[in-house]
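Quick one: the structure is below, questions incoming.
First chain written, first letter: the chains are A, B, C and D, and each begins at residue 1.
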């Protein structure tokens, strides 16, 4: 691992490790997440979507470049803010939108909703409404990878707030003593609900907790696709080589509220926090990619248009899909 | 705090901070624990005591010099290996022995037994059969101390094994962000049941985990009364002064098995571990105390005799005490 | 703001009634502290100094940090086991903590302080500890919150010796029961149906307590007893209303305390009516509803004119899709169809 | 060592029967892994290399690490939430983990993986996950282990949709049910009464399965049905024996699976006998015993000659003192006294 892993300042890009094909897919998926989320937000405001909806918008540069480096048989665990992880891991937008609409054609037949979208066949082990609930699951998936010697690895996404749950402690300790192929990715967006991370966590950074588990820890600018790609890429490499787990803290920020309806009075209106909030990872990446010749402006235009079309199509699909049948209430409790 | 707090090698005594009166009381209580435990062991082997019995013998130099620096209104939380903490905090031997015998005159009317001896009036919040269960309780007691501004502090005893429970993580984090008057004392006896700490914990020491909670951490030779007295004394001082929590790891060793009946095949038969095991904190402290004039050999003889007599008396008291009445089965569920 | 006269009942929402009970009790008893996630919110944010960002995820504790400060309205990290255990430790040393578990579905993160520690402490210590502790939490489906945020688990807590469990149904019962809990030297779990928060009702401004362990006969009747828990009161009343058309006189009893539940009131009722339906939104097995049915079927055996019916959620997690969730929650229609024989017999008897 | 012939039943202890089931299943299915505290013990101790120090705190898993190695018999740190959650994650990705929760009293440290995650996963995912997971744990008073190590909490787990719960009573049922659980694609909690470990019984050497969800009629009878859970079988048999002297013919049914419990067998029995006593060592409220009583009182209402009696532990934690603990556990004497009316009537009827 580079020294960035233990450095206190976000790493900066030193070159481009991202192949052009990957860069295009990354850009497409970042757009898919943003467009999908904006659409969900719009339909939630119209009252078409019920329940709790936690949007990932603004954090695309975390999940997407990480999942780009995973195969379908690698697993990820997710959070209540899971739409982004789903898209990044390759879940179908149609099935996702239908799920959020509670339709029979949803990825979970409409029985899970926003907080539980899953597609195990894609290695997406489910959005998870329990904060900290995904960490032990990731340890288990990684244990399976170790025992069955499949070469698969597991990426565990969790928030800065989740890092104060006991499951964080137990899971990192277990993964370390068993040297499991897992990468713990903390999405530090500065808040757990309305509570700042700097109040809730005794340690200034989450990354520095890695040393308590004898594993490498690093911080990275979570708005930079390249930084995330590179640093987490090294951790993924470590995991694949059987060198054990790592903890990477990605500094990011929610574009919207904790959930839809949140007035966000706790967000800074000026200063460093506001400046960081205003950095948008999507145009930043486009600019970088075009400048470094990963794709052209024309490619970008095409990708953007196609993404909008996909999301429109997903919405149509969801809206036209049937509700689940009454019988399905009783199904799927046991195999 | 001294540099010992962050040093990787056990601190050594640099002088004697223990007043002579304290030294005598410490020596008496160490003897009380040892004699009490040996008696319990003997009576357990004879079949007079049922259930699970976890002996503290060998670890006296941890609890006693710490509790010597506490008042009756300071609180401690304890573990399944709680007899030593009880004696150190001033619980009556008669009531303790009667409790272990399940008699009506026991400190808990015979309803708690070895694993639940408590005397809230002495600030002893109970031996605790749940590994890691005491840590959050200590945070709560310390929160009470802070809110009611009583000047009391809380000492939380827990094992190396307990340091892998999520409650360790959550409790240290809470205590730190709220700057509570609590001292976390890890009794690292090298094992959790039959599992070595070096396997179960990813971090080589427990003390180094303190930095994840932004609090001072130290290791100390838990067989040395003076080292424990001094280092934990500083942490107690910190707590009393409102400077927040500390974590002290006391290296110690069980004289007997995890519980009575354990064959202890996992213990080393030679080498460093065996050498450390063979160091007996009680004669070591006597030697030190006599040499430094804290008390005389004659004082020591008297203390030893009186202790044996107290334990004999406690046994008589227990054996002659009545069983709890049948009605008491239904009592004490609610206030 | 509204009526200020003592003894005057104003119309308050369920959540405001709870808020008022907390504030009134906290003014009188400085040992009461609140602990939970975002009870205030925004702790440490400069421009919010002294003000909460949220006042609870559902706004129930709004304004309390402003009045009582951050030492008594304590925002916690997401550490349920830690702060619930701390509440037990604080209670054992003389405070009266009121931890909030945002959703009872998170019980899996903080059960030991309740099951392993708090509920057993007084007993294990031979009576030498008191646990004045009020756990506030929420339950219930109907908010499209899906399987992990919609469960009804008061029954799981009611199974534990050493814990009392209260389930209010209206703003009036919420305030009176919460004030009673805040005077109890025991662990009381106070479980609020999240879909009731905006419901309104008359609530006296001054303090009053409702006895924990006492059910309320909301409507007297002669032919059938319907026992309800929490929000199911309104389902029970709807059923009673529908049966009235057939001349059936229904006694509706709001259980209010699910542990210890009020055997006396229920027995008196069944001795009069001979028939009982219990409506409990929890999953069916090992539920409070079944507990009551088992006990009343035994002790009132000779008075029973029909088997006791328990109407509950199905034996499944809570589904997300709104149409399924609606089928999940017991409704008047479900009660009528599950108790069809009993009702048919009653109707026939009336007609005869 | 003992008999080697296929189909031959040897006398084995309850714990050895469990051990044998684990070993046999692990030989055939490499996805089965065991996780728990000191299942082997002494991990990392040089002079124990490849050998366990303990083989489980009560010796149940002795010898397994020697045969299957440390990758499949995994000693865990004291991190119940971590390893129980890991078991769920491993199950969802194709393993069949067998986590051991040393005492069911520690449920408070690991409930979320069961309540919040595992039991709901398949449902929330619309049927797109399978959870082959067998949780072994222990329950029961009688070992002077006091309040935190003696509870009986299978009822709490049986209340959760999506979890099956099995309680074996004998070495034979233990082996057959555990082998069945190890073939199930669902979460099965296998709860062992710790005071039964040294009990002996006939056990075939080869593999066999007993159907999960099926009760066993241990003894047929015509006048009274006694339903027992786990160790309570022996209390039930003792009662039956005593009643025999009065000419009362008792059907004794060993429930074996407490969720889903075998309604069919119980209904058939009560239709024959008209009287039922259920013996369940759990605390009374919201227990499996009361669940059965409620359901059977309803569905077999017309067959009941007397109220169904549930004999259970009192509504208290488990006391330490041996004399109190003895009173705590349901005994034949307690059954006879709590069901005195029912038995008096039966006796009178026989004499008449």
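A few notes on this one:
Here is the rule we use: a residue touches a chain if its C-beta (ideal position, glycine included) is under 8 Å from a C-beta of that chain, and two chains touch if they have at least 3 such contacts.
Keep in mind it's a predicted model, so treat the numbers as computed, not measured.
Centroid analysis (C-alpha atoms only) places A farthest from chain D.
Looking across A-D, B-D or B-C, the pair that copies the A-C interface, with over half of its contact pairs the same by residue number, is B-D.
The centroid of the Cα atoms in chain B and the matching centroid in chain C are 41 Å apart. In this assembly, the C-alpha centroid of chain B lies 37 Å from the C-alpha centroid of chain D. We define each chain's centre as the mean of its Cα atoms; on that basis chain A and chain B are separated by 45 Å. For chain C, the set of residues that touch two or more other chains comprises 76-77, 79, 81-82, 105-106, 108-109, 112-113, 116, 123-124, 146-148, 161-162, 314-317, 319-320. In chain B, the residues touching two or more other chains are 108, 110-112, 116, 128-130, 164-167, 170, 173, 177, 199-201, 333. Residues 37-38, 41-45, 47-48, 53-54, 57, 75-82, 105-106, 108-109, 143-149, 314-317, 319-324, 327-328 of chain C are the ones that touch chain A when the two sit in their complex. Of all the residues in chain D, the ones that touch chain C in their complex are 105-116, 119-120, 123-124, 146-148, 155-156, 158-162, 259, 283, 285-291, 293-295, 297-299, 301, 304, 306-310, 314-317, 319-320.
Across the interface of their complex, chain D is touched by residues 50-52, 99, 102-103, 108, 110-116, 128-132, 161-162, 164-166, 192-196, 198-201, 265-266, 268-269, 323-324, 326, 328-330, 333 of chain B.
Across the interface of their complex, chain D is touched by residues 75, 77, 106-112, 116, 118-121, 125-126, 128-130, 133, 135-141, 143-148, 166-167, 170-171, 173-174, 177-178, 331-335 of chain A.
Touching chain B in their complex are the following residues of chain C: 31, 33, 71-72, 74, 76-77, 79, 81-95, 97, 112-113, 116-117, 121-131, 161-162, 164, 185-186.
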